[in-house]
Amino acid sequence: MKWIGLIAVVLTGALLLSAVGDFPDFGDPKSPANGGVGDFSVSQYYITHTEQDTKVPNVVTAVLADYRGYDTMFETTVIFIAGIGIIAILRSHPPGGRRGPAHPIDATVDGDHQRIIIGITCRIMIPIIQIFALYVVAHGHHSPGGGFQGGVMLGASFILIGLSRDLQAALARFSERRFIVLACLGVAIYAGFGLLCLLLERNFLDYGVLDGFFHTDPVMARSHGIFAVEVGVAFTVTAIMFAIYANLSSKGRLDEGL
Amino acid sequence: MMYRAVTFSLLLAIWLVFSGIYDAFHIGLGILSCLFVTWISSDLLFDDRSLGFRARLGQAWRLGGYLAWLGWQLVLSNLHLLKLTLKPGAMAEVEPRITLYRTALKSDFEKFLLANSITLTPGTITIKILGDDFYIHSISKFAADGLDGQMERRIAAIFAPAGSGSPSPSAD
Amino acid sequence: MILDLVSMLLIAAGLLFFVGAAVGLVRFPDFYTRMHAAGKGDTLSSLLVISGFALHEFKDFEGMDFILALKLLAICVFIMMTSPTSTHALIDAGYEDGIEPVIAPDAENVLGDPTSRQP
Amino acid sequence: MIVAFDIIILIFLVITAVISLRVRDLLGATMVLSIYSFLMCLLWAEMGAVDVAFTEAAVGAGVSTVFLIATIYHTRRHSSD
């Protein structure tokens, strides 16, 4: 069996390597991505028109959430489905009784150092991590970042609570009901803003029509629309990251964690 | 309530430093985010809430002074390490040992500060804390001898209440 | 000009400490002594390099430069807090895993054998 | 874009990829995989794709390592091949 795998890997690798030769050079102005076919180029359009179309300085965010918003919506949905799949496969209740009590760290065996050194460091760092994650979400327009990165960091801060104390402490802040609702809410926000545009007789995810909704001109409305959609992405990613950790670390019982 | 306000303003200060864009939209978002984080994890930043605001301020001021002293100790620590690694023949001075250090500090935060300071200063790392006993790995005899009570006295001085003479056990 | 020179000096000093940490990581005899090199060399050298960057960006005393310097200072504070904690966590994990420490002949191991777990 | 830097990172990428496949101890393989992710993040940041580098640092080097460790903790630690 291993030999068949090796043959497949070598064949695929040879194909990929032979295709590398056909790539345009790095930074080639005439490559299809940069120069375009004929005289129309998508990337030229993005670079020159993003600022006047959407008032968003970060071109990547504008492409991600506006020009290619459809793609990002289904990326969010893929994350949502992955999380729901993990919950559906792993989630189980312990036999007899819904939930066992939390196990405190046994100080006589492990010592106090985990509670004192690691616990206090995590306690001080977690609010700072959370505020930084929200900063990343809110400043996706101006600097690198956005819903995915901020959401992952916000989820990671809850995972850190689960790692440094136990899972119950994290679940007390972000219960199962909350994270499932939040995950659904995120996708609903994204798709809802798209549908809102559809209801106002424009294309799906064409935020320019939402100027009445945001009380601004159409260009700023696109900027605000991007922000709203990023918040939706952040909700889903936060909830799903924590949901995956909670289910994986407790074998789906959500009782004590690692 | 007071501690919630302090947490909120600390977080808002961090947000303002990070943000760098000061229009109504972004500051509004910042206030919303800080409110959210204060709501979800305000109990994390400060554990013990028996102290008044003024005592806290004094502690924070003395903590700053202590951190400056610690920075100097960090430089000394690294010079010692550099000498051990790069000077030819200095490898003979590497005599690792595990020593016991008993502290009189009571509260968790003081112990935390002492443990991390020990880890930062010359050639010593805290391995375990069992009650009042710190088990410390030192890289050389010089480093192990550096563990006199000076650091502990400085930490106790930070959290000593200004009025009374006895060290406060409840500071955090 | 002077600021540039000072920032260069700081970065060079930071790199020197990095070299010390890297050499120590190879030359020291066991896991515990290597953690000394890895944990401490990292902290001070990162602090020095970052403060060198902060000084380098601090050219024309504008508002944004202060903000940038404050951001770098925040990174310094985070490193000061998290680095000793991670060093401690690693060394404790190594002890719990039963790695035998090298002890100098004139000293005794007060913590006891790591494999027996209880001091 | 510094070519020498690129080449060093790419060499380390190949080394870490091979190590993470060869190591029997799955926990060790996870740690090497996290180093791989971090090198990938460096490469992207160096090529100017800061957004992608940010995502890789948060997801690849951060959260996915935790997920893998949580999974290994509840399954076997050693791989059979």
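Some notes on this structure:
By written order: A, B, C and D. Residues from 1 in each chain.
Please note the rule applied: a residue touches a chain if its C-beta (ideal position, glycine included) is under 8 Å from a C-beta of that chain, and two chains touch if they have at least 3 such contacts.
Here the structure is a predicted model, which is why all the values come from computation and not from measurement.
Chain centre most remote from that of chain D: B (centre = mean of CA atoms). Chain B and chain D have CA centres that are 32 Å apart.
Chain A and chain D, compared by their mean Cα positions, are separated by 19 Å.
As a whole-number value, the distance joining the C-alpha centres of chain B and chain C reads 15 Å. Along chain B, residues 14, 18, 115-116, 126-128, 130 each make contact with two or more other chains. The residues of chain C that reach two or more other chains are 81, 85, 88, 92, listed in rising order. Looking at chain D, no residue sits in touch with two or more other chains. Chain contacts in this assembly follow no simple pattern; the graph is neither a line, a ring, a star nor complete. Every pair of chains in contact is given here: A-B, A-C, A-D, B-C. Those residues of chain A that touch chain B in the complex are listed here as 111-113, 115-117, 120-121, 123-124, 126-128, 130-132, 134-135, 138-139, 142, 173-174.
Within the complex formed with chain B, the chain C residues making contact are 16-17, 19-21, 23-24, 27-30, 32-33, 35-37, 39-41, 43-45, 47, 64, 67, 70-71, 74, 80-81, 83-85, 87-88, 91-92, 95, 101-104, 106-111, 119. Note for the complex: chain A touches chain D at residues 26, 58, 60-61, 144-146, 148-149, 152-153, 155-156, 159, 163, 241, 244-245, 248-249, 251, 258. On the chain D side of its complex with chain A, the touching residues are 1, 50-51, 53-55, 58-59, 62-63, 66-67, 70-71, 73-74. Listing the residues of chain A that touch chain C in their complex gives 109, 113-114, 117-118, 121, 124-125, 128.
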